[in-house]
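Read from first to last, the chains carry the letters A, B, C and D; within each, the first residue is number 1.
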Amino acid sequence: MGRAVAIIGTGQTKHGNRREVSYPELVREAVMAAFEDAGITPRDIDGVVSGTMPSMMEGISLTHLSFADALCQVGKPILKVETCGSTGQSLGHCGYYWVASGMADVVLVVGHEKMLEGDSQATMTTVTDPFFHKTFAAGAPGVFTMQAMEWMYRFKVDEEKARDAAALISVSNHDNALDNPYAHIRMRITVDDVKNAKIITYPVRLLDVCPNSDGACAVIFAARGKAEKLCRKPAWIKGLGFRGDEFFYGESDKSVWASATSAAKEAYDMAGIKDPLTELDVAEIYNPFTYQEMIFYECFGLCPRGEAPDYVLKGTFTKDGVLPCDPSGGTLCTNPIGATGLIRLAEAALQVTGKAGDRQVEGAKLALSHAMGGTDQFNGVTIVGSEL
Amino acid sequence: MSKEYRTMNNDVALPYRWSLGPVWTRFFDGLKEETIYGTKCLKCNRVLVPARPFCPACYAEMEEWVEIGGQGTVQSWTVVNNSYYGQVKEPPYVMALIRLDGTDCALCHFIGGIDVSSIEKVRERIQVGTRVKVKWNAEKKASIYDIAYFEPAG
Amino acid sequence: MRRVAMASVAQSSGIESKDTLMDFTFWVAREALAKAGLSRDELGCVIIGSSDIFHSGLSCSNSYDWDGTGAFMKDGSRAEESIFAFIYGCMRIMSGEFDTVLVTSLVKGSENPDNDTCTSFFADPFYLRPVGMNETAAAALQMREYMHRYGVTEEQCARVVVKNLGNALFNPNAHVRKRVTVGDVLASRLVSDPLKTLECAPKSDGVVSVLLASEDKVKQFTDRPVWLKGYGCAVDHFYPGDRDLLNGTLTTAAAAAYKMAGITDPQKQIDLAEVCEPYAFQELLWCEQLGFCGQGEGGKLIDSGMTAMDGRLPVNPSGGVLAMNPYVSRGMYRIVEAALQIRGQAGEHQVGKEVKTALAHATHGFAGQCHSVVILEG
Amino acid sequence: MEKPEPRQLKAEVLVPYEVAVGRTWSKFYDALKNERILGTKCGKCRRVFVPPRTFCPRCFQEMEEWVEVGQEGVVETWVLVNMPFYGQRLEIPFVSAEIRLDGSDTGFMHRIAGFNLSDLALVREKVKLGSRVSAVWSEEKEGCILDIDHFKPVQ
């Protein structure tokens, strides 16, 4: 095993429509916040991992080149890592392995997106192949809807019950976002608002789906030995996992979703977690879409297959439930996509170090963070804890 | 299809709205008024052009604005003679790094107002160290093209 | 720190392939596994080196690349450049979490628009892009300064082409294989003065795979492992006008790699180098910054014959990037070629001298904005 | 000097690619011209893939056996797309679906049509998970995915 690795600082921009600043300025805002949080200077950094979802979103290729100045890391290695929507988790994983390998002591990890500069759904279709799928591409909501339909059919989930549970998830995420000063969408909504919102892709409605946001997130990783010196309360990386299905959507069973299930299992095994529902104190699940959040609960072993709506309706995953999920308001309220997965990790780290402000889950010691990418193809999980 | 084996065209086209931010908005507004703005770093005292929100070396905000004159020296230049998809200008044309008087970096722009029909003719007018001055476009759109090109000053 | 070894390598030719990118990738990745006798089921994880849309037409290309690289249900990731992917693979072994990692980098230049079109998308949309910045234009500006400041001649730059394309005649995978003279180079069509056509790298296809293994595991796969000894990378300022184009960050990247590898005198301790020279003069400039000769002495270096195939420090015996330029994977081609030389398996372009320590270098960005250096040892 | 309102620069970017179809997918397209749907079968896991694949991503070996699959299949999942976006290839509304063709082991993505797609109630009545659909061929064929114009519900 490699060296133990901890998160010693995080920084986020205010997420939302940030048309008043240029992309490099947005990145710098998150990086400056992370330096301030960690109490270190840019000189203390040995290397950088940086990434967006795709370059096509903003029409600028290999952004580590144009952001070298904004990251304040000229003369250092800047590795660009990307895996679609799961980019944020993949960035964190690279930061972890870099430090664990012993080749660097302190690594700055930055995820960023200015989704409102491009056309997000048109960009998503450029993930599909030109031979077979591009013609029928339905954007992200279309993919998520197909998966939800398959899941309901497979487990004979009552459509009305799923609808009620999904609406409750939306309401509780929106409520949570009101406690998060960085969140994009901050408004109080009701179950009826969700159920009466405009249909996007049947049965999915507007309030079931995340927004497009501009935003960036920076997380600083440090090796054991250095981490405790630099930071009074580091968040230790306890486990991580990443898996990908086949490229062609139709080749794997998305209702049981092997990549999500195995990625979580890999992380649990490394962290020594056997019963995640009781052992975890908080989870930051990547939830661009309400129905999909329920599939994640099942894949992550938080409830039996097909029973997520029942658990949701009992309040298992609300802020005062057995396992609070997305006290930050989640992806559903904030989605600068290349940063989103890293925001999940940053929020998990804030929770286990007691720094989450109004969104703090009391006494949280062990937290799961997650992101998903591709046309339902990739899942990445990172677990952080307050104890080494 | 241009190839002897089977291919498909896959054209990727997308629309963008790129944010200039306050500093570059002001820089381009300056061009519209025929003024080139740089910013000065109060830490390292360098003047950079185009204006920057922060100093790339010191990472500090660059809040002091400096008006730059339209004259400078050619640091390097090239006659672009090849064609590629999406090229900004019909070749041949001259691109150059120009160190404007009173600045501490080079600005990249075109050199014009000279005969570019042969490399020899360009060499007669342009060398490393040649003095050049800005030539403004009559029609301005608050973009980098408000500067039409730089031309020999002598 | 755990040691990392290259257990097996595989590479495609640089010539235009009629296969889909997915199939093209599969053949090479499978070959690397087969050479080591490792099945995909037993593989630890997969790292992909592939570009996003601007060098493939696919966003989030790890999606499309996943199957061909053998990554189904494996842990894995994708980096946007091949040496990034290679070193990330090494990190995974060094961390102790994995014993084997298959790193594959891929690109089909034949499917993409012009290199200059692709590299113009590195530029910001407000300032550099509208004035036509791309890697070729940046290199031309850099070459002019190089000749002006140090008196390096066009003939000396052309000699790099003569040497590298000459070497490529012995490399069956090379894309450009023809004998040229200094006269041919100087007479070739002007691309972006002072750069001539033959001084600019082509646009090639190329998939390259490396199986990395931990010290304990590598014995199972090969009796000739090649070890990672050093790594360094450094990125320069973005705007070319902010930089001294002749004094970039390669010096920093090389210093980091040398320090890690314990190299104090690169001229003596490095036996061979594979250097990324998409524009001929850059080989000379990079050799200076790698410490193979003094500052401004790159011209003399090529004249001395030291970097020739039979020289004291052969540079690019494979023919380099001038002979084959799969943009995204070209860095890992340098690593693989250096490793083959160490193993004595480079075939017809195997150098005469014994190679124990070799250097591989990659660069991308305007006038070498980002440099990576890897030191390998037998 | 007063601070101007920060602006945005609007532009379109077009990047052209020309991609190889390769032998496997060329053969699939050619068969479509003759109103046949072909798949490949993995010699190890015995699964049949439509569209065909040169290699099995799980077994990581070449697939050499070609099979013709049925022109009818079962709807594995579907979505009504009523959301326009830049560069969309089909006119909205359209129904995208994963269809498991008889004799194959994978979902095949295509569209379901042939009735009024603007009527949500009608769509829900006609398209159901687990229901059967059959291929409707285009009259003019070019060797592309739309040689199958759409799939229609089987009564």
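A few remarks follow.
The definition used in the following text is that contacts are C-beta pairs under 8 Å (C-beta built on N, C-alpha and C of every residue); 3 or more make two chains touch, one makes a residue touch a chain.
Not measured: the values here are computed from a predicted model.
Seen from the Cα centre of subunit D, the chain whose own Cα centre is farthest off is B.
Measuring from the averaged C-alpha position of subunit A to that of subunit B gives a distance of 39 Å. Between subunit A and subunit C the centroid-to-centroid distance comes to 34 Å (mean Cα coordinates, whole Å). Between the Cα centres of subunit A and subunit D there is a gap of 29 Å. Among the residues of subunit B, those touching two or more other chains are numbered 5, 7-8, 10, 12, 14-22, 24, 28, 56-57, 85-86, 143. Within subunit A, the positions touching two or more other chains are listed as 19-21, 56, 59, 69, 74, 117, 119, 122-123, 126, 130-131, 134, 246-247. In subunit C, the positions touching at least two other chains are 18, 20, 22, 53-54, 57, 66-67, 72-73, 111, 113, 117-118, 121, 125-126, 237-238. If each chain is drawn as a node and touching chains are joined, the picture has every node linked to every other. On the subunit C side of its complex with subunit B, the touching residues are 18, 53, 57, 111, 113-117, 120, 125-134, 136-137, 140-142, 144-145, 148, 189-195, 237-242, 245. Residues of subunit C touching subunit D in their complex: 17-23, 26, 30, 33, 39-40, 53-54, 56-57, 66-68, 70, 72-73, 108, 110-113, 117-118, 121, 125-126. Considering their complex, residues 5, 7, 10, 12, 16, 18, 20, 24, 28, 48, 50, 56-57, 75-82, 84-89, 93, 95-97, 105-110, 119, 122, 128, 143-145 of subunit B touch subunit C. Of all residues in subunit A, those touching subunit C in their complex are 1-3, 47, 51, 53-57, 59-62, 64-69, 73-84, 90, 93-94, 96-98, 100-103, 123-124, 126-127, 129-131, 241-247, 258-259, 262, 266, 373-375, 377-378.
Here subunit A touches subunit D in the complex through residues 19-21, 59, 117, 119, 121-122, 125, 130-139, 141-143, 145-147, 149-150, 153, 199-202, 246-251, 254, going by the rule given at the top.
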